[in-house]
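Next come two complexes, and both contain chain A; in the first it sits with chain B, in the second with chain C.
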Partner chain A sequence: MAREITGMVERRGFGLWLTHLVMIAGVLVIFFPIWLAFVASTVTQPEIVRPPMPLWPGDQLIENYTAALFAGVNVPVLTMLGNSLIMAVGIAVGKIIISLTSAFAIVYFRFPGRNMFFWLIFLTLMLPVEVRIVPTYEVIAGFGMLNSYQGLIFPLIASATATFLFRQFFLTIPDELAEAAHVDGASPMQFFWDILLPMSRTNIAALFVILFIYGWNQYLWPLLITTDPSMNTIVMGIRQMFPSGDDVADWPVIMATSILAMIPPVVVVISMQKLFIRGLVDSEK
Partner chain B sequence: MEKRVTFKGWLLPLCLIAPQVFISAVFFFYPAGQAVWQSLFIPDPFGLSSQFVGLGNFEYLLGDPYYRASFLTTAVFSTLVTLASMIPALFLAVMADRLVKSAGTYRTLLIWPYAVAPAIAGVLWMFMFNTRVGVVSWYLGQLGYDWNHVLNGTEAMGLVVAASAWGRISYNFLFFFAALQAVPRSIIEAAAIDGARFWRRFFTIVLPLLSPTTFFLLVVNIVYAFFETFGVIHTITAGGPQQSTTILVYKVFSDGFVSQDLGSSAAQSVILLLVVGLLTVLQFKYIEKRVHY
Partner chain C sequence: MATVSLDNIKKRFGPTEVIQGVSLDVADGEFIVIVGPSGCGKSTLLRMVAGLETITEGELRIGDRRANDLEPMDRDIAMVFQNYALYPHMSVAQNMGYGLKIAGLPKAEIATKVADAAKLLQLTELLDRKPRQLSGGQRQRVAMGRAIVRAPSVFLFDEPLSNLDAKLRVQMRLEIRELQAKLGITSLYVTHDQVEAMTMADRMIVMNAGRAEQIGTPLDVYERPATLFAAQFIGSPSMNVLEVEGRDGALWLGDMRLPNPTGHIGPVMLGLRPEHLTPDPEGAIVMQVLLAEPLGANTLLHGKLATGQGFTASLPGVHALSHGGETLRLSISPANMHLFDTATGARLG
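== the complex of A and B ==
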């Protein structure tokens, strides 16, 4: 009897295979654009511009990727990869540091203006840089930060998601720990370094994964403030590789660049899947 | 929720909170304030002086057929992106949930388009449907359908929706899948004993239990479609043809940076600020709801 009921809930036989079939079809459809880009990055330009292009990889992989990495179109892709890495890590690390300290201050201290600061930070929770681009651009230009890493990084760490997340986490930490620190005569900063930080390790790692991807995938902001090609990030740089007017785009190199731009965040997501899912769920709470 | 045990002192916490307050003030509140201030002026063409016009920029915007069209475009675009990313994700999650053993493998396979930047997704889809070299557009041509999103506004909209929804399916899948796994097996089995078939169980039991997740995803996907799809639009259509894919965020960009119409761009920023505020309130309602569970 029990087996029969399970059989009604979990599919066996034909139903099971049909479900697998649907899933595989779904995965293939979702994969197709990436597959096509990969194929295009392994064939020659004439094979692409005479449609239909092949659907199976060619033998130009090394040539195309070497051309992209070391020559590129406006600037070697290697330079853009470096810029993206600095920007993504800078945003992730910067945001984590300022959020950890401000969440610590808000949760573990009572000081004048605490509530006001909390709400000031909180207000920044959902406003993306896209909404305030013109004035933010003017601020950055005023500081002389156009075409600089500071200019790429600072405006994007002004958001409260991470602060809010750490605040929520600190609130779940038992009061006894802070009491014990009091009894042992530990200073607040000792408590922060020796107890709070080690306990937050997983949260920090999960948040790092999310913020790294967020920073890596930025488009509009780098597009505005990096006019010098040597400061372009890879995600925004791809658009700049298309010729203006009627010239034919160098598709194999552009597609090789697209694949290269995807690799770092995809590797981060796949290799840290558990942390990634945790970070995603936490940061949206 | 407050801590009972706290540390003494006020200088240290002020120093600890200072970096974030400083960065928020300089790169967030000041620019947001500037946007509100600039929205009340019209600068002269040389940028030397500007004239106070009160709410003139807003009045002009609300009467401007292009701006109204952009509002409508944004509404259509975000509705379509939300539906096109949530429905396939829910379907795949329901399917994966039935496969107890291999669900994890499918999750790994489906997860990673999330990591692909919207701008890259734009390039990939633009390549597939390119009027000269695109594979999909070529096969469509063989079938007798002449695809041209460069001239046809409806096709352009379809393409930017598909490219925007594509990576988002992963994200929605993760949340739906997690929510499905949390549905108590006993309820499902009880319904099965009562003779309810799979899809009946799904619509009468599972879907209502998923409603908090669904509501949450609705809000975040709308926010995504509003603000994070700039890269897709810019790489595929640049707002065209005839502004048929000019969503509000794209218009702030093109009026502010391309046409240098700063007053109007600032007024549009202020309107977007209000939209964001509204969506934030919605999201908070959701958080509150969850706390009551």
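== the complex of A and C ==
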């Protein structure tokens, strides 16, 4: 057993090459479509439609990206990026606030129906967004929130998953800490701000990454409630760029939009990754 | 600095009464140790004084105020927890000053008070560290510091040394006692360790199953245990308890005849501390030695009596044991014999 483990760690010679070969092949397979999209965003429309498709970047990079960002097809991509950013951040921050406070209530306060509320929240985990999308639409339409940021954000804010995660984390914090704060004279909210929140920092960072991407990748909901192109988010906006009817699709601009749509989640993952890996390394509990 | 008085304090969780009426008057500056086995209610009692548990019945007074319904912070107490309960994301200085910050003291004043307490506890160099960078003993000191900074009337300790290794525990025991004596702050200290209780207490409360079996000075409890439980709990190794019968002016254990210090007639429980037994060729107690544990200064001899009961004697010096089955005759001075009622366990005489 022990020998097998050392073998895995210190693989040499042929084994080393083989593992790298498989890894590189895997990366190429995953990366190839993204590369194609990037190439397509740097050439002209005729070059794309004429087979064979080019495999190396052309000279239209700046032109295509400028066109996408400031003109777009229906609406400038910059507007869609802004909408997506507001929605994704709104959803991530909103979900974190709601689930932190509800987990705080469930773990630290004794009130009638506490367990029932927890299980009710937990039950909603089992219902995917699509199941309740028609009634949700009704409600949002009734509030007049179609084509608005509130309409994009609010219905997606409640989060059983995040509530559950924070609850589990709070349960690992020793009761003595809450009692020490109580003896120190901290009110429940002071305990929440001064102790619970800083201790949850790394969990918040990890959740923010997950929830930001969740918000960014929303497709069905924005598609339903935004009819005004200026409220389009980028993920659904890409689809809206395809022409209906016989018009020609402007592939270089669409591909440039796709590449642009990928950048913010990648930036969030890379920048936050450092934070939560550091959080994992010097874990404080 | 204040007195604390508990008047028939009771605690019920539903129908179960976990504290069955404890009364105690603590003098100003006194160090009281509450000792008992786990589950005896000692921590619950302390937490009721702290205000972390509600008091079901009875009255608690801290200083001259009724404290039953006061918030912990208004009781003018500070508590040291078993797991230290330091805030992990705050530095030592922030941990110590958090209570003062909540109380709304100006920053400069907090810094001075923290610095003073740190100096007292030799923590000055560690003020900027985080709890996870400290050793167990240092964390314990920070927890103490957090209590001291607030200059409370009463210190409450909930098994503060149980997470430390044996050597450090002895050292911290002395430090806590010295510090308490220097500051003169009334203290309640909960522990399950009878050595801590014996060495630290001005007076101790021996608790069992929610009742105070005995309240008294450590020597009082050792020399005149009020109940069979207190007798067996305090003292190491624990007291030998034998069922004997009083008749014809003596106590009979099978056919072993022992003096009868109280003149009690009928069945009675006899307690003999292992360290009070002396080897005596004429001794009435005949013990078959099965195992010897040399501790250096003394030797523990474990074995059984002719009646089959297990028995332990602690004799000074080193006793080599010849290959098993050795018979030893022991005697004890009547002054060191403790008699307890068979039914109630209460002390007789």
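Heads up, the rule we're going with is that the second predicted complex is superposed on the first by the 262 of 285 C-alpha atoms of A that agree within 3 Å, B and C clash if a C-alpha of one lies under 4 Å from a C-alpha of the other, contacts with A are read in each partner's own complex, and residues count from 1 in each chain.
Following the convention adopted for this analysis, a contact is a pair of C-beta atoms (placed from the backbone, for glycine too) under 8 Å apart; a residue touches a chain by one contact, two chains touch by 3 or more.
Keep in mind that what you see is a predicted model, and the values were worked out from it rather than measured.
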Fit-or-clash call for chain B and chain C when the two complexes are aligned on chain A: fit
Which superposed partner A:Gln190 touches (first chain B, second chain C, both, neither): second
Which of chain B and chain C A:Leu61 touches, first, second, both or neither: neither
Contacts of A:Val93 with chain B and chain C, given as first, second, both or neither: neither
Chain B versus chain C as contact partner of A:Met145, first or second or both or neither: neither
Chain B versus chain C as contact partner of A:Met199, first or second or both or neither: second
Between chain B and chain C, more extensive residue contact with chain A: B
Partner chain(s) touched by A:Glu179 [first = chain B, second = chain C, both, neither]: both
Overlay on chain A, chain C to chain B nearest C-alpha distance, Å: 7
Intersection of chain A interface sets (partners chain B, chain C): 179, 182, 284-285
Chain A - residues contacting chain B, complex: 5-6, 8-11, 16, 19-20, 22-23, 26-27, 30-31, 33-34, 36-37, 40, 48-49, 51-53, 55, 97-99, 101-102, 104-114, 117, 120-121, 124-128, 130-139, 154-155, 157-160, 163, 171, 175, 178-179, 182, 188-189, 191, 213, 216-220, 223-224, 235-236, 238-239, 248, 251, 254-255, 258, 261-262, 265-266, 268-270, 273, 276-277, 280-281, 284-285
Residue ranges of chain C in contact with chain A within the complex: 50-52, 71-73, 77-79, 81-83, 85-90, 98-99, 102-103, 130, 132, 146
In the complex with chain C, residue positions of chain A that touch it: 174, 176-177, 179-186, 190, 194-195, 198-199, 201, 282, 284-285
Chain A-touching residues of chain B, taken from the complex the two chains share: 1, 3-7, 9-10, 12-14, 16-17, 19-21, 23-35, 38, 88, 91-92, 95-96, 98-100, 102, 106, 108-121, 123-125, 127-128, 132-135, 138-139, 166, 169-171, 174-175, 178, 185, 188-189, 192-193, 216, 220, 223, 227-228, 230-231, 234-235, 249, 252-253, 256-257, 262, 265-266, 269, 272-273, 276, 279-280, 283, 287, 290
